[in-house]
Structure formats: structure tokens, C-alpha cells
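Each of the next two complexes has chain A plus one other chain: chain B in the first, chain C in the second.
The block that comes next holds the complex of A and B.
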């Protein structure tokens, strides 16, 4: 079809060319190849006076390959390994079909500081796209590398990366006194720089980041009552925000940060409520006799999606974030669908779906109402979008519960390093 | 199983019958033994009274007679007894036979019972099997029901899909229609274009005619002007003649009138004639000058014509060049699919949701090597623009017509990239 169309177009162009002597032939192209962008990241040059072990270019390499949008060339394929502009021979890189080239070097400034210099080149027009300098300490070198990876990613793809993001996860482990210890951990999106911000002997559930990435809300399961807490990440200060009669669970922060949606069972069965943090006032969204839980906000804060068993099995429903609103069922297909949350565009939901073969990560398209399964295992839990919506993260269940990062096409999967224990749930946010 | 209970009832009664018979036979047996015992004791006791008695003959005779009678009676009794015994034996035999019969019947009955029992067991097994089957069937039924519900969901899903497909088909049809419409439009455009070209041609023709008309009119005007000029000259000449004649007449009259001043007049006449002669001479000279000027004008014209001819030649050359160019481009168009293909395969598309369009001007050398790829119309996204220029540069050298005579016309062309509609 496009061929025929362009043929006609060409005819028109030729006709016009007859009338205007200077008309130029135009070739239309509206198809390309979907594949990783070929890029080479040359090992950074390290000056002789540096003896510390620094994780440098490998951070950039794994950041870029994890997205699934790059084809990061293996170092052993390189014909040269330049660290300075004058050493770059573009012909060598053209020969191995690399579109982009990253080089860099690191040198000592003083006792604790290093200067990292890096450049990105377009191999084919042989021009530099950007060059920058960073000052790093041994403890912040990874952060700087994420920054460089982020710059490379943005300059090439035109979109924001996920490299500058943080995750929070809950992990349970057995202590030497044979007691179960539950921990809430925050870390870089690749699992590094992990910090435990809470330890308790009761399960910590449903962590959710505040939109400014400075606080986390969660529910702690008590013997008689679950309560909802808000904790400041940097100071560790925390307070109870919901201890209403019954179980208080599944808090979810509103996009403007002023409210929490949560599930409460004061009437005997779980219903969806909204809590205004400043006034501690609540409004009730659902009143039926079935279980309604796991609320999540739409990015425009107009809607809340939640899981309910009011129909046959657990399915996802949608309601306006106000009192006395009609409830709309969203998911139709699948034995059960649960734990939905919105994509940053608001057009999709990520959820846990059971299509008859166990729990898997699914993407539900709100307009078409179709679900596509993206994970390859059949025991998945707690799936979330990256803040830029370009990657997914979920917990793989089973004996070895752990976190996986997934490119949205499901092509690239990688395991996130976590603290020892069984990971339960995960939440993802921009770096504050 | 009414039949079976009935049968078991029959078996029971048969048992009962056998028992009764056996009891009777046993009783009979006992009787016989008992009587035998009586028999032997009777024999010994009947002898002893005889030895104990020693009375008269009569008495003895009577006694003997009595004994005889008794013996006779006894004999008869024994006979009777034997008869009875015989009878009993017969009966016993009969009973034994009957017993044997009964035994045989019982055995048969037992066999039958065993068989019946086996049959019952078999039936029970069968029943159990049947029940299993039933259970299995129920399970199957449940599974089928489950499957049916699944199928129902599947059907609903399929129905939805079907609807979607129908929608898609409809869309496709619409697209098809749209395509046809576009094609028609294109044809119409084509026709319009042809018409436009025809109109253009007509207009040019008209213009040409107009020009000719204009030129003819100009020519006419020029002729008219010349005619007018000639007429004026003629008139002037005539007037001059008239004046001259009048003058002569006047002179003649003057001659006549002024005879006295004849000499003077002759002198003056001579002078006048000399002047006329001079004027005539001047006129001749002017005419010569005019002739020369005319000659110069003609030469000028010839020169202009030469220029015109040269110009025409130039146009002709241009036309040839244009034809050459068209030929080059048509030759080039044969290579366009190959060029497009090569660039397309080198283009790693960016995963973006916006729609972008970029135009790139490409200069190639005679072997098709891309000398430059310059964005002439940016998509607004540096990243998108860069992705397309890289594709072009990676696709170098581009496949182009090998004939170098065309190169002049195809050394520059452009690509228009738009991101794939997803």
C-alpha cells in the first residue's frame, strides 16, 4: 500500500517537475525497523592516581540496556577504546554499525573528589551531541553515572529516563531469634543504595510514595486492627493517619499529595474511602456488601480504580473520587483481575491478571478494554509503572520472591538486587 | 430386584423342605432300631416261661396250644412285622431315594445359589461400576458445564472480537472506499490537471495569437503612420508646387508688372535659381543620407534577427536539456524503491507517541555515496531528525542509475520521513 501511494506521489512530483525546472524528487519513508538503538559505551579512562574500585561505565551500560530501547554493544566487539576526543576514529565505529558513541574519563581532583568527563557522539555525522563534567565522590559515583545515562537516554530518545528514580519495597526475613522481621526499604531503581527505613514484627503492606517523593504511606497489619501510617523518608518520622474502626488498608496517595484513598472495613466489609490529610475528614465512595479494596488514583485525580468481588470473582471497577457516584466495571476478561494502578498517561492500567494460568502482570487498555499479559512467569504480584511510564516493575512470587524490571514490550527483563528475605510489595517514584 | 428376593425366598423354602424330609427319615430310622431291640428281648423272654411251668398235659397242651397260637400270632406278627419291615425298608429306600433326589436337588439348588450369589456379586460390581461411571459422568458433566461456561466466556469474547473484527472490516471498507475516493480524487486531479494544462496551452495559444494580432496591429499602425507621413509629404510637395506655381505666376505677373525691374529681377531670379539649385543639391544630399540611414537600419534588423535566431537555438538547447532531465528522473524513479528499502532498513524508529515529519535534502556523488544529508524541514524533535539523518548516512552508498550522463540531474533529491503510525 505505501508503495502504491508513494508511486502516485512520485508521479505527481514528476508532473510538477515538468512545470517547475527546479523541483526536487522526494522519497517518502514512513517505515523503519523497531529495534534497540546501537550504542557503544567505551570503558572510561581512569587516571593512574586512582586506586579505588569505581563502578562507572557499567552502570550506564546496564541502565540503557534495561530499558529495551538500546542495543548496547559488547566491549569485546570494539575495534578501539578511545578515552579522548582526538583518539576517536569514527570509521572504526561505522564499520561495526554503531549509531552513538560514549567516551569518558575520570581523574582525581583531591582526596575525596573525582572529576568525570563524558561525551556523546553521533558516529555518522561525526559530531558531538553533548559533553559534560561532573564532580563525584566515591559514594556518589553511581548517582553521577545514572545522571550520565539519563542524559544519553534523553538526548537520543527525546524522553525522560527512569534512571533517576527510587523504589520502596517491603521484605520479610527470619531473625536469629527465629522471629519474623518485616522491613521497609528504599533504594535506587536498580536496587543499589538500599536503606531500611522501618523494622517491625508486623507485616508492612501497600507502600505508596507521596507525589513529591519525600514520604511513604503504608498499612501495618495489627492483631485486631490495621492502621495507616505516613513516614518521612529522610528523617524517619512517622505518624498514624488512619485508625478508624475495622481494618485500614491499601493507602494510595492522591496526585496532588493532599489526600489518601484507602480501604476500611468498619461496616463489616471493606469499602473505599478518601481521607483528607490536613483535616482527617473522610468520605465514603462505596457502600455495597461486597469487598472493595486496593484503590488507586487516576493521574488527573478524577477517578479511583479498585478491586471488588461484587461481580463474579475479583475484577477492577472505576468510580469518580466523590461521594454517591456510579460505579463502572472495567475488566471483563480473565478469571480475576486485581491490584490495578494507572499508567502516567492515564490510558492504561497495570494489574495482576489471572487468565486461567495463574497470576501474571497485565496491561489493561482503558479505551479498548483489552488486557495484554506482559510477564512470562505465572506467579506475579504487585506490579507498578515507572514514573515515566516506560518500564514496569513487579514481584515474582514463589519460594524466591524478588523484584523484576521489565521493558513494556516484555522483551528485556532484569532482576533488581534486594535485601535478603522475601519481597512482598514494591512502589516506584522519581528521585526527590 | 423383586425377582431376586423371590428367588431367595424359593431357596429358603427348598431348604425347609429338605429339613422336614430329613427329620422324617431320621424318625423312621429310630423306629426301626428301636423295634429291632424289642425283637431280640422278646425272643429271649418268650423262652423262659416255658422252662418254669410243670402242670397237666391238658394244661400243657392248652398251654402248648396257647403257645402255638401265641407262636402263630408271634409268627404272624413277625411276618406282619417283616412285612412292615419290608414296607419300612421300602419306605426307607424310597426315603433314601427321595433323600438322594433331594440331595441332588439341594446340590443343584446350592450350585444355583452359588451362581446366583456370583451373579449378585457380579451385579453388585456392575452396579458399583455403573455408579462410578455415573459419578464420572457427573464429574464430566460438571467439567462440561465448566467448559461450557468457559466456552460461553470464550464465545462472548469471540463475539466481542467478531464485533471488533466487523468494526475493523468496516473500517477497512471505509479505508477501501476512502482509497477509491482518493484514487478518484487523484484521477479527477489528474483530469483537472490535464484540463488545466490544456487551458494553459489554450491560454498560451491565445496569448500567442493575441501577440500576433498585436504585432499585426502594430504593423498596420506603422504602415498607417508611414502612409500618413507619405501623404503629408505629398501634400507638402503639392503645396510647395502650388506655392511655386503661384510664385511663378506671381513672378510672371510681376515680370509683366515690373518690366522695369527686369534686370534686377533677373539677377534676383538667377540668385533665386541658384538658391533653388543649392536647395536641390541639399535635398539630394539629404536623400543620400536617408538612403544610407535605411541601409544602416536594415543591417541593424539583420543583426536583431541573428540575435533572435540565437535565442531560439538556446531555447531549443534548453528543451533538449529538459528532456534529458526528464529521462534522468524517470530512470532514477526506477531506483527509488531500492533506495527507500535501503534507508528504511537502516532507520531505527524511535518509540514516540507524537507524529513527526522531517524533510532531508541529500547530495550524492556519482557513485551514490551520500555527500551530505541536511534537514530542510525539521520535525521539531532533534532526536527524530537525528534518527533519520543517521539512517540516510548509514544507507550510503545509495543505489542510483549507473549512467553518469544522468548524474547532473539526480545529484540532489530529498527524503520525507514520517514516523510509522502505530
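The block that comes next holds the complex of A and C.
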């Protein structure tokens, strides 16, 4: 478990002059073991005729750091800061043990467009791995930087990043009339470009993205009944899809996009159901008298995992996504385990576990049944994998509610910028 | 002894019943929109009340109206409209049953009154699980009202999970007051 003394706060500050100074991103690193790939991202060269504030290399640095797969070198360690190929002296980078080097520059094309040029080098063999040009505007600059980070990530690791994906989160705040306002917010995965897509007096719960990432389903806790809605992100159009007798909660979109798993309490206690969206037909998966809730699909859509207190305390169970199937208990260690969802490989579950030290984010290995705790906070909720499985995100509860991104080993932690208020739950979009 | 208390309680209750209805509805409305972040109103009263007497059960949502004259008495079950639960449990304690029985008798004498039951949980555990846990607690309390003769058609029960804490705080003193069922009629 990381303790305060073994952590450093790595403040990465963009070293650009005057108008180009950007927000400071704080990434906390537990220094126990350094095992990321050492990479240097040199501050991009900026032509003199640019006076707009643009989001530049800091975006790339933050993206690569958050995954835990890279150790992004602090700029004050650099022996040189080249912005052109001809200025790169590989000896200077070998000396400070950098494996990969990114340089770039930006120049004005016309009134509103900028050309961004970037190159990735293998320091060891002194070869360029790729070079690309992008056209950006002041509003698309972050998007381009995420694209560059993705390119670097993919070329070096061989896997696709999640830097271009989005999140949805719920946040509650108090209005000037002293009422609570609940909002559903969609943002880039790092919290930027936040847009409120729904405002209501009633709590919004369990947002879940459609596989095409164009719609979001959620439950609204009404005065008399909770109902499940589907909303189109771009238009805001929304409709009720489940208002069956009892409470309708915890929707989870199937990987093929045609069904929702959800919890309904028409028999007096919460059970797991599947709704086919086209026909509005439902099938019931569980029938016991205890709590069954928080269903989530396996990546192949064959199984549903869910939380139940049919044993003592909450634990995770698994059932085939059909009627009248055997129910199998998955988690055996811990006082309680809840809100599980699958890793993209289907081999692990991320969940909220109580191992006697509070509610923490845990990774459950389905094969070995072991659980590893990866968060260092203790009132955690709503933990999810990124679409590529190489980052984790969850909500830290308590006095200062916020969203955190974790590397899968828990080593790298960073806070996600959110709109003002108390953050409640978070959902990560799919890779599309 | 208990029976006498009930009769006294019922008499007091009958006197305030009509005035109480409007007030109660209003206070429930406030509860449903009250901010989890707000430290005013109900939660503030409860915090100071608890530290003053050390008796958590005395400070239900409407507690401040009816406890004013009862300081020297142990506990008048009719002054309580909140019952509390253990962590991740929905077992109705003996103390809670006494409170429910007292109110059930009032309801039997007032056949036009309908009962609303609100289940709550502390912030630990996930939101959806806590909603289901609040359901389970509300259902458990509802079962005792039915056991004591209140017809199920007069009862509505809903869970607010961890969404509407009575007390803001992240320690056992707050959690124990948030693991509760409130009822109103």
C-alpha cells in the first residue's frame, strides 16, 4: 500500500513563455518501483506569429503518464530542447537514459488554422519511428494532441490507447434557491470539453454508454418510482425504456447494443432482468428473495455478473444471460464485493471491495479468484476500465468527492477535472 | 406501563394531527430536495441534538416538534419517526419494533391516514447496492406495520439509498444516523 512518504508529487509545468502558459496538471506517482518506458516529450517549438493559447505537449505528457506504461521525464532534466530533426543530439538523450523522444513544432497557416508537426524517435538506434503533420484550430488543439499521444502509444506499445474516448459522470450541486440540482455530464476522458446533457431535481444513477458511444442509458430516482431512460448524446432526445412495476435501476448496455441488463423490484426485492430494446420484452435472470443488482455484461455478451447479498454481505455472482440458468458465486475473499464490471479481455473484473480497510477499488482475477486492491482511498465507488483496459477510473467519496484515473497497478493516480459539485458515478465510453 | 404511554401519546398525537399533516408533507418535500452538501436544517439539528443527549433515536426528522416537553421521560415511541439499522443489515431491532407498534396503533385508529416509508443507507457501499438496501430496510419496516395490523394498501415504501443523508460526515457517528428508515403519515 503506497504511503504518503513514498509518494512524490510530480508537478509538470509547461515551460513556455507568457501567453502560452497552461493549466498545471498534477499526477501523483507512487515511487516504489519505476517500470514505465522512459520517454521525453520536448516542449513544442512555437512560431513567433502565434499569440493564442493552445494546448500542446502537456496533453501528450499527461496522456502517456496516466497509463503507467511510460515514465515521462520531467523537462528540467533535459540537456537540450530541440524542436527540429537537425537539432536532435541523441547522445544527450542516451545520457539521461531516455528510450524514446518526441519533438514537435507549431506554425500558423492562416487566421484560424495551425500546422502541428511532430516526430517520434527511438533514441537507442537513433531512428525516426514516425513523423506526422496535423492541422488544428484553437478548438481542436486538444483533440490533435490526444491523436499524437495515441500515435506514440500505439507505435511503442502495439496497443490502441483510450486517449480519444469520453466519459459520462453525474454530479450534484446546490442552486441559489437551495435546491439540489443533478447533472449528467459528458466530457473527454481527461475531463476537458465537459458538456451538461441533462439537468434534473432527482438523482441520476448508473449512466452506461451504448457500444456506438452515441447514446447513454441511466436511471432517474423519482419520488415514487425509478425509471430507466435512453438519451442520445448529440441531440439530447430521450425516452423512457423501462417503467415496469417496482423500481427500475442500474441499466447496463449489452456489447451488441440491442439489450439492457437492469435491476427491477416488482416482486418486492431487486432482481436481474434483460430488456430487449427493439421489442421491449424482458426476461428475468434471478428470482431469490435477496438483493440482486448492478448487472454488467461479459465482453462476449454471454454472461452477466451482478452484486447479491444472498450469502452474508454483498458478493459478486455470475449467470448466463438467459432464463433459468445456474448462478455461480465468483468472489470469495473480502467482507463485501460489489459493482463489478469486466475488463476488455474478459479475464478480470474491476469492483468495489471491502478487505477490512474500507471500500476500495479491486481487481478480481476470474481464474485464480484473487483480489488485488489498487486504490489508496477508502470510500470508493463506481470503478470502471478504460475501453482498452489500460487505465482505471473511479469516484472517491467522502468530503471532497472527485474522479480519479489509476494505472491498472495503482501506481499512477491523477485527478480528473469535473464540473463543480459532488461527483457521484462515472462511466467510460466504448472505443468507437 | 407501555400501554399508558401509548394512550398519552395517542392523545397528544390526536391534538396535533391536523396541524401536523401539512407540516409533515412540507418537511418531506424539503427532505427530497435537500442537498447532500447542505449542513443546515434537519442534519444540523440532529448533530447538535445528538451531542446534547447522546440518544440517537430521539432525533428523527420530525423529532424537534415532539420532544420539547418530553426531556425527563425516557423515550416516547410516538415521538420517533425514524428507526436505525446495523451496517449492511435490514434487521428491525426490538427498540424499532416498539416505535413501529406505537405508530401502527395510531394508524389503526385513523383509517384515513396513509403511511409513507423511506429507506436510507450510509455512504459506504455502492450507490445502487445502497438503493436496494434502502428498499430492503423499507420493506422490513413495512412488514412490521402489516404485522401490527396496518393494511398493505395504506403503505407506500421507497428507497433513497445513500442519496439523502440525515447527517453529513464520513465517520461512524454520521453513518449510524444515516442507516435508517423514516416514515410519515
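Structure notes:
FYI, the second predicted complex is superposed on the first by the 395 of 432 C-alpha atoms of A that agree within 3 Å, B and C clash if a C-alpha of one lies under 4 Å from a C-alpha of the other, contacts with A are read in each partner's own complex, and residues count from 1 in each chain.
Criterion: a contact is a pair of C-beta atoms (placed from the backbone, for glycine too) under 8 Å apart; a residue touches a chain by one contact, two chains touch by 3 or more.
Because the structure is a prediction, the values reported are computed rather than measured.
In the superposition on chain A, contact of A:124 is made with chain B only, not with chain C. By the touch criterion defined above, A:159 lies against chain B but remains apart from chain C after alignment on the C-alpha atoms of chain A.
Once the two complexes are overlaid on the shared chain, A:274 sits clear of chain B and of chain C alike. Contacts of A:382 after superposition on the shared chain: chain C is touched, whereas chain B is not.
In the superposed model, A:249 lies in contact with chain C only, and not with chain B. Overlap of the chain B and chain C interfaces on chain A: none, as no residue is touched by both. Taken together, the chain A residues at the contact with chain C in this complex read 172-174, 178-180, 201, 203, 205-206, 221, 223-224, 226, 247, 249-250, 263, 265, 268-270, 291, 293-294, 307, 309, 313-314, 336, 338-339, 352, 354, 358-359, 379, 381-382, 397-399, 422, 424-425.
Within the complex formed with chain A, the residues of chain B that make contact are 153, 157, 186, 193, 322, 325-326, 329-330, 332-333, 336-337, 339-340, 343-352, 359, 361, 373, 381-384, 386, 388-391, 393-394, 410, 412-421.
Against chain B, in their complex, chain A makes its touches with residues 3, 6, 8, 10, 14-15, 17-18, 21, 24-38, 69, 94, 97, 99, 122-125, 129, 155-159, 333.
Residues of chain C that touch chain A in their complex: 32-38, 88, 123-129, 131-133, 135-136, 139, 156, 158-161, 163, 170.
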